[in-house]
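Next up: the structures, one after another.
Look for chain A in each of the two complexes below; its partner is chain B in the first and chain C in the second.
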Partner chain A sequence: MSNRLIRRVAVLVFFALLAVGGLCTSMAKGSIDIPMYQIAQVIVNHSAGDVNTQVLWNIRLPRTLVGALVGINLSLAGAILQSVMKNPLADPHIIGISSGAGLAGVVILILFPHMEYLMTPVAFLGAMGAAVLIYLLAWKEGIRPVRMILAGVAVSAFLGAGISALMVFYSDRVHGALMWMVGGLSARSWLHLFIIFPYTVFGGFIALLGARRLNILSLGDEVARGLGLKVEITRFLMTAVAALLAASAVSVVGLLGFVGLIVPHTARLLIGSDYRWLLPASALLGAGVVTMSDTLARLVFSPVEIPVGIVMAFLGAPFFLYLLRRE
Partner chain B sequence: MLLEAKNISLGFGESLVIKDLSFKVEKGKVISILGPNGSGKSTVLKGLAKTQTFYMGSVYLDGKNIQLINSKKLARQLAMLIQSPQAPSDLTVRELVEYGRFPHQEWWSGRSEDDKKLVEWALEQTGLALLADRPVETLSGGERQRAWIAMVMAQNPQVLLLDEPTTYLDIAHQLEILNLVTELNATQKVTVVMVLHDINHAARYSDYMAVLNKGELYSFGTPQQVLTTTMLREVFGVNGGIWANEEGQPQCTIYGLVQSKDNLMSRER
Partner chain C sequence: MRLLLLMRCCIYQAVKCEVRIYSHKWGSMELVIGETGVNSMRKFGILILCLLLAFLLPGCGSNSAPGSNQGSIYMTITDDAGRTVVLPKKPQRIVVLSTSELELLYAVGGQAIGRASTKAETIPLPAVNLPEVGFVYNVNMEKLLALQPDLVIAHQGMHEKLIPVLESSNIPVLVVKMKKYEDIVAKATLFGEISGNTEKAEALIHDIEAKINAVQVKLPQKETKFAILHATAKNVTVELDSSVAGSTAKMLNLKNIASGDATLQKDLDAIPYSLEKLVAGDPDVIFVVTMGQPDEIEKRMKADVESNPAWNGLRAVKEKRMYFLPSELFLLNPGLHIDESAAYMAKLVYPEVYGNVQ
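Presenting the complex of A and B:
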């Protein structure tokens, strides 16, 4: 008992340090290096002064925070969906978030490039629209996870075909769309932070409140019902929360894959499947992974920036496979 | 009277599994439900637990229609253990048993003193105190079943529904589980309704037996009333003899299948 508790606390502390480390390096490193004491100064009394302050306040800080929140949102969404859908492969793709936001984003970028300022709200509507559509298609006296997953696959394939068609027809304008499809944090500003922040707070709060219910749900529908859990309502509410979390993240940074799938699994391997621990662990690890990967994405081929999604997949997937083999 | 099913019909989709079934379960008794495969035993149990929707009829718990009782409130009075339940691989016995307290907890509340006491009590009763910190998955079949029983015991119900609690266990562990259940019934006055496959176990451990055949109640009564050669022949399609054990409970010995075409046909139907 106490061993288990110590291990869990240790993992959580480690993830927290990772998140703090990720935030700090992301703010300190880049085309110019800013020393830590100056970062602290700027954050405490953000009086704009020299170039460093400008860079930090206007570029690095919002970008770093957006990255952290995106990591938190996608990881929480993935962790919730893995429980609610009873499927280890469940992630924001499964409920149509990615394909919906993907198509909406590509439509804007390719067909209406002059309306790019509408990108975030339109992508959010696309993501939620696809999620609702899948929900309606899967609904038949309640939601069964398998039906939901299959409906998700079908709708995603359908929307994916739309994306591909647009990219083929307008192959000259594909570049922006491609960046959107991989996801990236470049040029994310305070505005983006304010867009995503309420969802992180609200979604995170509901997710933590629901942790015990997610635990009960992991015993299977019948046992959960026997324990008095309203399985259908719980599944509906938690899926909706996951959809909001993921849609807000994806609409801001594009289709960042990987985080929603691998981060919750990594956290689960290290801290166990008790959602009261798994949710905070996933959130912290998600924030750490995204901010660190983004720092690398800026540094490795500097001055050229590579999309953060690529860095995450290249480093994270082998690491995850290592964890998997070790277990 | 505590639990009463009135004219219930249950099924999946278009097909009716249980047709117009009625019976009463008295407080503090042990009732076994018997019947051949596909006779609807598990379905009845799910109906009693409100996890299967009714087409018709109602189930009353202490005179109240269970459809009208909030699920969480119902779970405080009535607990059900399904056949071969699955737990996450790293879930420990104590954590599993703590989940049994879920219906007694609110959104915001933590573990109360009551919760802790009942969890320890359930672990103690099932002889799992020393295994409490082991993952459920690493236990033997018998221990695992006891862990799940400890979970439903922690629910502190008045009625315990058990769906084939002894399946997949060797004979010693089967008896161990049945002794545990009857002891719980004797000491805590918990009413037990269980589906059993073993006719002799049912006759030995229950106050009443209900025999289901093709979704209908074939007979209901004390083991002496229910366990007859006619019942064995008509419901299970086997020839057998009945004798009494040293405690006067009827037991049967099966000689073989009833070898008439009529019977085969009627079983097919």
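Presenting the complex of A and C:
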């Protein structure tokens, strides 16, 4: 085994441990203290109706799992987009996911609060709609990444203006909208897990299948064509997968920014740019980061909860800068 | 304070004088421009500047001559932002920027000349056709200044950013807080004094007090725990005792499960709260503050909450003791209707004593 392989396996194992550690601490810690043996009991048998069982089985466990899946989805989407766009700043935001879902979500929360049950599908449609719009706008005899990024910035700014306008004119109702813009895992339960789970499985599967193609695409269009890759189709398919992954995550937890940008970069700095390694590493690190951040978000000011997006930005950004300067 | 006012007036007078001097020169200036070009153009610029200044500083007109201000001051008030507000004379042109304050002012027999536009709340009948100065949270300064008010009543937390502009135009601004019952009593007294109707204000306060007492005497001797949520099943935000609904519940001796924690002893209305702690706190009743159409929201949120296992563990949800509070009585401040808020909540919590809500 070469040195590089050993290093990669070691990093991957480390990320896996991090993810498992994140899941475990998230289960073990919360606003109310529950002894470890009872946690084990509840996971085996959750039929008892007492408060601790209810808290563990219906609040903490699903919330932890939703957090992990959201972390996986956003990290994978970010990693894919960074290759497809050949731009280190590419994240789900750049293809309009955040602004599309953001506007759709804010419209529901502010203008039609009685239709909140439509939140998840509408946010999903908004995210996908914005992604498709940006793709169409950027299309001119094929897609050039730079054009797509610029189209993304323009559309995001346009939709963002809509969000701001709504928040200004209905400033008495912005509370829910604000929480949605920050993103958080509060009150997420099994049904949210079931919404996001199929996308994680499907998107993760397709992404891993496409890892080799992503590697080739990162070499540049000319080289990729020379190697026999259908550049346009690959780029479209991979963008679509990234959009699905990110849209499903955002529609469930709100605009949880940052994961899609920082996690793939951190993973890349530690494991290299080979997508066959980078994708699983990003997924594991994403799951670990989100679950751990959420644990902190619940604990720091307990029983007051901070939205997880805030915690993540506070901790992750300095850490990311540290990695960047170290290189 | 009076000295300050006097100084201000002096400055205005000085500016006015200067303008006058320049305007005297006006006739000869035109001649000069032709002869010495650039230099006189600059002078001309200064003249324009002074004229502009004169327009930008209303209150420096003839009615604020120093003599008229040296008489007695009508009132000196410390408002809810801790500012000292001096009313040189009894306000005749009051603009009220928030609806519940407007209602209160009319209830104590006062009158306004302008109000904020609003969508839902009740406006006293005589005030309906008053000129509007833009929405409550987005006031149009030009319209406001054009009304030439001699007192602006602003709402705390909403209109602070307008204060510097109004102060620089020499318009007194009164920042008012109206959330709790005590606030409303204090404001009724204050508005009564401002509009010179202290007796009417006292009668009004007496009336509200009597209505609230009528609710309070019937309170059963038992402890009922509650939580107040914002109307969304997507995040958990609870209101504390300083909120409108929270202070109403306090009048009914109900116990807010979120108010006991040491970390929460700040002047906050609402905080994002741990759902785990909410389940452990086991409230008897859950109130939900709604925005928008309450019926639709109620139907939907009930469905949402009942289908979400995370919420379902709450005893209040299982026993269907989750009540939706109408926004006009509980979201913004109810003002004069605070007794209705109390009665409404009492009916929800103790229907066996107070009867059902219609």
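What we mean here is this: the second predicted complex is superposed on the first by the 320 of 327 C-alpha atoms of A that agree within 3 Å, B and C clash if a C-alpha of one lies under 4 Å from a C-alpha of the other, contacts with A are read in each partner's own complex, and residues count from 1 in each chain.
Here is the rule we use: contacts are C-beta pairs under 8 Å (C-beta built on N, C-alpha and C of every residue); 3 or more make two chains touch, one makes a residue touch a chain.
The model shown is predicted, which means the values in this text are computed figures rather than measured ones.
Chemist: Mind working out whether A:G220 is in touch with chain B, chain C, both or neither, as first, second, both or neither?
Modeler: Once the two structures are laid over each other on A, A:G220 reaches chain B alone.
Chemist: In the superposed model, which partner reaches more residues of chain A, chain B or chain C?
Modeler: If we count touched residues of chain A for both partners, the winner is C.
Chemist: Kindly classify A:G272 by the partners it touches after superposition: chain B alone (first), chain C alone (second), both, or neither?
Modeler: first
Chemist: Contacts for A:S164 in the overlay, against chain B (first) and chain C (second): which applies, first, second, both or neither?
Modeler: Neither partner.
Chemist: Once the two structures are superposed, pull the chain A residues common to the chain B and chain C interfaces.
Modeler: none
Chemist: Taking the touch rule as given, give the residues of chain A at its contact with chain C in the complex, in rising order.
Modeler: It is residues 30-32, 51, 54-55, 57-60, 62-63, 109, 112-117, 119, 168-169, 171-173, 175-176, 179-180, 184, 186-191, 254, 298, 301-307 of chain A that touch chain C.
Chemist: For chain C, which residues are in contact with chain A within the complex?
Modeler: Spelled out, the residues of chain C in touch with chain A are 135, 137-138, 230-237, 258, 261, 263-264, 270-277, 279-280, 282, 290-293, 295-297, 299-301, 303-304, 307-313, 331-332.
Chemist: Enumerate the contact residues on chain A facing chain B in the complex.
Modeler: It is residues 1, 4, 209, 212, 215-216, 218-220, 222-223, 225-230, 272-274 of chain A that touch chain B.
Chemist: Which chain B residues qualify as touching chain A in the complex?
Modeler: 46, 49-51, 70-76, 79-82, 85-92, 94-95, 99-100, 102-103, 105, 107, 132-133, 152, 155
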